[in-house]
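Please go over the structures that come below.
Consider the two complexes below, in which chain A is the common component and chain B and chain C are the respective partners.
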Partner chain A sequence: MSLRTLLRHETILALVAVVLLVALAFQSAQFFTGANLLNQGRLMTEVGLVAIIMTFVIITGGIDLSVGSILGLTAILTGVFWQNLGLPLMAAAGLAIAVGTFCGFVNGFVITRFGVPPLIATLATLALYRGLAEGISQARSVRGYPDWFYVLGQGNILGVPTQLWILIAFAILASVLLAATRIGRSIYAIGANEVAAFFSGLPVNRTKIAVYTASGFAAALAGVIFVSRVSTTRSDMGTGLELDAITAVVLGGTSIYGGRGSVIGTLIGLVVIQSLKNGLSLAGIKAEGTAVLIGLMLIGAILMTTAFNKRRA
Partner chain B sequence: MRRSMMTTLLALALSAGTSHAAPVWTGADDQPTSPLACDGAPAAAAPVAYNGGTPAKAPERKGKTIKVVDVPKLVGIGYFNSTSQGVKEAAKELGTVDAKTDGSTKANIDDQITLIDNYITSGVDGILFSANDPVAIAPVLKKALAAGINVVGYDADAEPDARQWFVNPATPNGVAKSLIDTLAKEIGEDGSFAIVTSTFTTPNQARWIAEMSAYQAKCYPKMTWLETVEAQEDNILSFNQANTLINKYGSDMKGIIGMTSVATPAAADAVTQAGQCGKVSVVGLATPNPMKPYIKDGCVKSAILWSTVDLGYAAMQALRASADGTLKPGDKTFKAGRLGELQIINGSQILLGSPAVFTKDNVDTFDF
Partner chain C sequence: MASNFEQQRALEPYVRLAGISKSFGPVKVLKDVSFDVRPGEIHALLGENGAGKSTMIKILSGLYQADGGVMEIEGQPMRFATAKDANASGIATVYQELLLFPELTVAENIFLGHYPQKAMGRIDWTAARAKARELLDSLDCHDLHVDTRIATLSVAQRQRVEIAKALSHKARILIMDEPTASLTEKDVTRLMEVVRSLKARGVGIIYVSHRMPEIFALADRVSVLRDGMMIDTRDITEADEATLVSMMVGRSIEQLFPKGEAKIGEPVLDVSKLNHGRLVQNISFTLRRGEVLGIAGLVGSGRTELALTLFGITPATSGEIRVKGKPVSIRTPRQARDLGLAYVPEDRGLQGLVKSMSINENLSMAALDRIAPGLFLNFAEEARRAVEAVKRLGVRARAGIHQPVGELSGGNQQKVVIAKWLETRPDILILDEPTRGVDVGAKAEIHAMMSDLAAKGLAIIMISSELPEVIGMSDRILVMNNGQVTGMIDRADATPETVGGAMTAQAKSKEAA
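After this line comes the complex of A and B, so read on.
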């Protein structure tokens, strides 16, 4: 992996993002305002948390389709633990996050121990965890949380949405972890060539399990934030979230074959998608039109990565 | 190790389906029910004070052209195409409304919230909505009210203080009474029946099923409720589920109730193909067009639904009137253009009227 190619994809994407922001600002006077941008940050936090760890997963050459279901399961469990088991809300949320993290661990365990391809394993748990969420909730929503809980999803700290602070902290931590530690380098090595990594004495299975567990944790944390933002729990929460996250990761230049990618790229990808959705909507374009544009951008991003790879080879 | 892992997973998955299920799961919600009198005597409605919200510092909109966005649960299905048609019809008739419909192609709470949020930022004057979840949508609607936007719901409500008015297509206990009475007329007061619904999570269907269960227990205690099955508003799945019910219960099952405009025609199709016309009755909620063949060949006697076009039409009328200040808290009735005077119930709900019953005699006069 050469640093130069990495920088090039991200630099181009960053330029695209800047051009896009300027263009959208001209399209609609309401777009480039502090209130709107902060609000967009609030709306993209859940996908953002999941996408950051999804970057790790995809760099190892894997994929995690179960994140949306883990989000739904965590949301339901937060409500059930709190209302039906009578736990304090803080403990209920903590316990639910623990279960969500364990779900991620199960993904990693099944993938590494039984050698199931990640696509199949997490496709199975996508159904399994969603089924659990629906079975446990029995279609009943849990509502009426205490006011302090809404600070997390609806409140501000120092004028910035609470969850955006969490996303920022998470992003910094993940960037450092991936770019500047042994674990990060192991992740790249596994994605680039798993067999070589194994024979170089890297803890391949342990690293992969850790990555999927972290993915479960991120989805679970996003679940609790989501509950706080919409003030209710439903078992269908987070449906389709995995696709939004993967879109951001791939748009951000992470190779779906593994071995290449970065957290900063994913973050730029996220910003591009979110500002496109928001800006086009403000400019009066309907949701269908936006979906088409995002699809085209994604194809463009993949063509760009492929072109770079050819030149390098 | 391998085996025990898989066994644990399997056990976990299975227990989720069974351990939490109530003895007879009917697909109902937890809210209190209020079944109507069996003979149809109108309940004494206690007057309720206005409980809707009020837009803060709304600018003077009387007589000015207003920009309105209509956000249904999802776009691309017949039901909401026809409500959108009603919205446009009213907008055209009023002449001072610039209305458009925009929504996600999936009935997804997050997409719906984000979409509404964007329209608030873009500065519309009015929002019409059909909520995917009454509580989840409330914060964003309150934000709209705080921004001085007029907010009116239709089809599926939000919490009352998160919108000004809600156009109620039919009261849940009214729907329940129509369905169960029609069923009782066809299969007798001691028949057994099953239900095909969308999903247990859909608030409207869950509410109706809760009311149906209460009304049936009160007025037809000898009826047997066999089972409620989910079919996701999916054509093929609805047909398969109905078919499974026919095979499973055989002559023990006298009727099927379809809870969605997809499930009812699919159930009718399943009964027709199984050669059970006349032996298994199908009643349910359905738009008239897909039911025409079954009603005409006599396999289905009737289908029930409100006019979805009128629903969108009334919602648009209510929005314009509340922006003008002609519809205000405390009103008992509301004059909705060509629909005439509509009754206001429960503080802030505009009642569209009784659901229409489509039979062999009148089905050709409807086209939606």
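After this line comes the complex of A and C, so read on.
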């Protein structure tokens, strides 16, 4: 896997994104306005945070299906810690994020310690964490947060949605971590050949646990932002989020078999999906039509990567 | 008259190859090879790894198609497009890695793909089981039940099922690829009886093996392949071991293995009563600076398992390891590496390299701390080291250090694995089959490199299945069998007989006990 091939997939996808943006701009006058684009950024943040770390997870050859449930659990806990336990909201949110992060750690621990395939382990915790969220919430929602809390999900800093700043910072950090550090290199090596990585003395299990823990953290952070954006907590928040995140990652050129992928690809994938959803709905196309189109694009992206790999093999 | 006619017929080859050639890309693996097998003949096929034996076998069994030359079955030109064609022409193969389905029964495996059928394509299980029983009985395997699942059988039993399967295709020629490589002494004797009974029934056998005693005990004729060429075919009565070896290798052992004199220094590794499972039992030895310690043994004798235990992949359950005099505990490869051990594993593609990654990235993999003292990778330093390593070890790569290692030849891949471990500046280098699947030129380079490293004070453990390599390169040879040490032989006393004898020695002492 060389840098050239990586760039090729992402360059093509970026071109697709540009063409898409231009085409959508012609479809609807509202689409290509600053206000609309920034608002789309706001809507994209939660999936974005999760998808960035999902990129790491998938590069190691794993998958994390439990992120949507972790998001839901964190959201519920934020409300419960604040309202029922009477903690200051800041502490309540912090504690909820800590719990969400721990949920991620549990995924990593189960996968490495007991050798459970990530698909199975996180399928189990998807049910487990969602069940916990529903049990704790008792179908009640928590509302009426103090005004300062809404700055996170509904406010702007320097004219840009607050959470978009967080996403940008997160993306930069993740890109650097993946491309230029020891842990990033280990992540690629583990995904490409776990046995050889282990035989080379790389800390395989520790790296995997770290990655799943980070995935839990990203989902938890997204959960708090979600609560702030929609002003309420419900136990079904984030249902299906994992699939949106995985779609963006795979569309962005990350191999589902591991060993290959990049944060920038995932970001472009996110932009493509979000602008399709928004642009097509502005152009008056129903959501079902958008879903079909995204499905087709995903198949196209996978065929494209497979074609590249065949030529290399 | 009749007997004369019979004799005449027996001398006519059943299958004949003439002028066969085969290339993979630019590499010519077979050059103008001619070969034949007569009915009722055991024809031994000898050659080093990479000599072209497997390619020739695969052409005979329909897996590969020759680029040039002709194949004749009973005098008729024939081309096999698939393995099924070869089966239909009476050629069956028993591969080294037995290709049975572990979850199916003996009878199911034997008739897989050509089950006896009843009306409307239904499988006639009664007939299948009865015929399977008949076949096994004809091989004197009365103890093998046709309804047993393959997974529960021993290697030797599975092999008999494979042979029965071959016979179910009404094989006239049976190709056996290193059939005794993973068998115990007792099973080898039994297999040889089976082979002889097949011969008596008029089946021609191509017997691929490295083991001289078996060849001399069984074969009628012997052919030697080297570098894709058929060196010679002769009657076994006109061959002796020394000539066969020199035909295989092409030059004498001394020329091939240039182990130089190295100053043997202080002990760096002391292993005492090391245990892990069945294949590492009570192993004790000492390794010194500048020394090459060869480890010899049959497949399954515990050679690789010992290396895995030393390197912390399957940590020792008891026993003591001392590195430079200090008692240590090695539970992971990471700890082993930090103690100055390096392990070049047996399976290069699976364990040694990340094939999709570049030479550059593979070279730094075991020594990432050196190019990333903090969190960040120093790409300039990484590239500088890679360029240096590639030059020093003579790794040939068209696209330089950024070429994916999967695109390199076997020999160059192996050099990358060795270079990767040298980057960690080890004191102890364990090489597991360092020249397997490597061409003759690269092999000599790897041997020269070992010699050089030993001269610089590195202590080397070399595991090898090739006796000439072990004998030629080692200062001392530790011989294993069934997970135990059965001999420690000094360079001066090392001959194929002494080492080979020790390789099977323990089984005898066990029988005596």
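Going forward, the second predicted complex is superposed on the first by the 313 of 313 C-alpha atoms of A that agree within 3 Å, B and C clash if a C-alpha of one lies under 4 Å from a C-alpha of the other, contacts with A are read in each partner's own complex, and residues count from 1 in each chain.
To be clear about the criterion, contacts are C-beta pairs under 8 Å (C-beta built on N, C-alpha and C of every residue); 3 or more make two chains touch, one makes a residue touch a chain.
Here the structure is a predicted model, which means the values were calculated and not measured.
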{"item": "Chain A as common anchor, with chain B and chain C clashing or fitting", "value": "fit"}
{"item": "Three-chain overlay, vertex chain A: chain B-chain C angle, C-alpha, nearest 10 degrees", "value": "130"}
{"item": "Partner chain(s) touched by A:28 [first = chain B, second = chain C, both, neither]", "value": "first"}
{"item": "Touching partner for A:231 - first (chain B), second (chain C), both, neither", "value": "first"}
{"item": "Which of chain B and chain C A:182 touches, first, second, both or neither", "value": "second"}
{"item": "Comparing the two partners chain B and chain C, which touches a greater set of residues in chain A", "value": "B"}
{"item": "Which superposed partner A:240 touches (first chain B, second chain C, both, neither)", "value": "first"}
{"item": "Shortest span in Å between Cα atoms of chain B and of chain C, once chain A is used as the common reference", "value": "19"}
{"item": "Doubly contacted chain A residues - partners chain C and chain B", "value": "none"}
{"item": "Touching residues (chain side chain A, partner chain C) in the complex", "value": "1-3, 180-183, 185-186, 188-189, 192-193, 195-203, 259-260, 312"}
{"item": "Residues on chain C engaged by chain A in the complex (per definition of touch)", "value": "313, 332-334, 336-338, 343, 345, 350-358, 361, 364-366, 368-369, 372, 375-377, 379, 402, 404, 420, 424"}
{"item": "Of chain A, residues touching chain B in the complex", "value": "28, 30-31, 35-36, 39, 43, 106, 109-110, 113-114, 128, 131-132, 134-141, 143, 154, 226, 229-232, 234-237, 239-240, 277-278, 281-282, 284, 286-288"}
{"item": "Chain A-touching residues of chain B, taken from the complex the two chains share", "value": "2, 5, 9, 12-13, 16-17, 20-22, 25, 27, 29-30, 75, 100, 102-106, 108-111, 113-115, 117-119, 121-123, 133, 135-136, 138-139, 199-201, 206"}
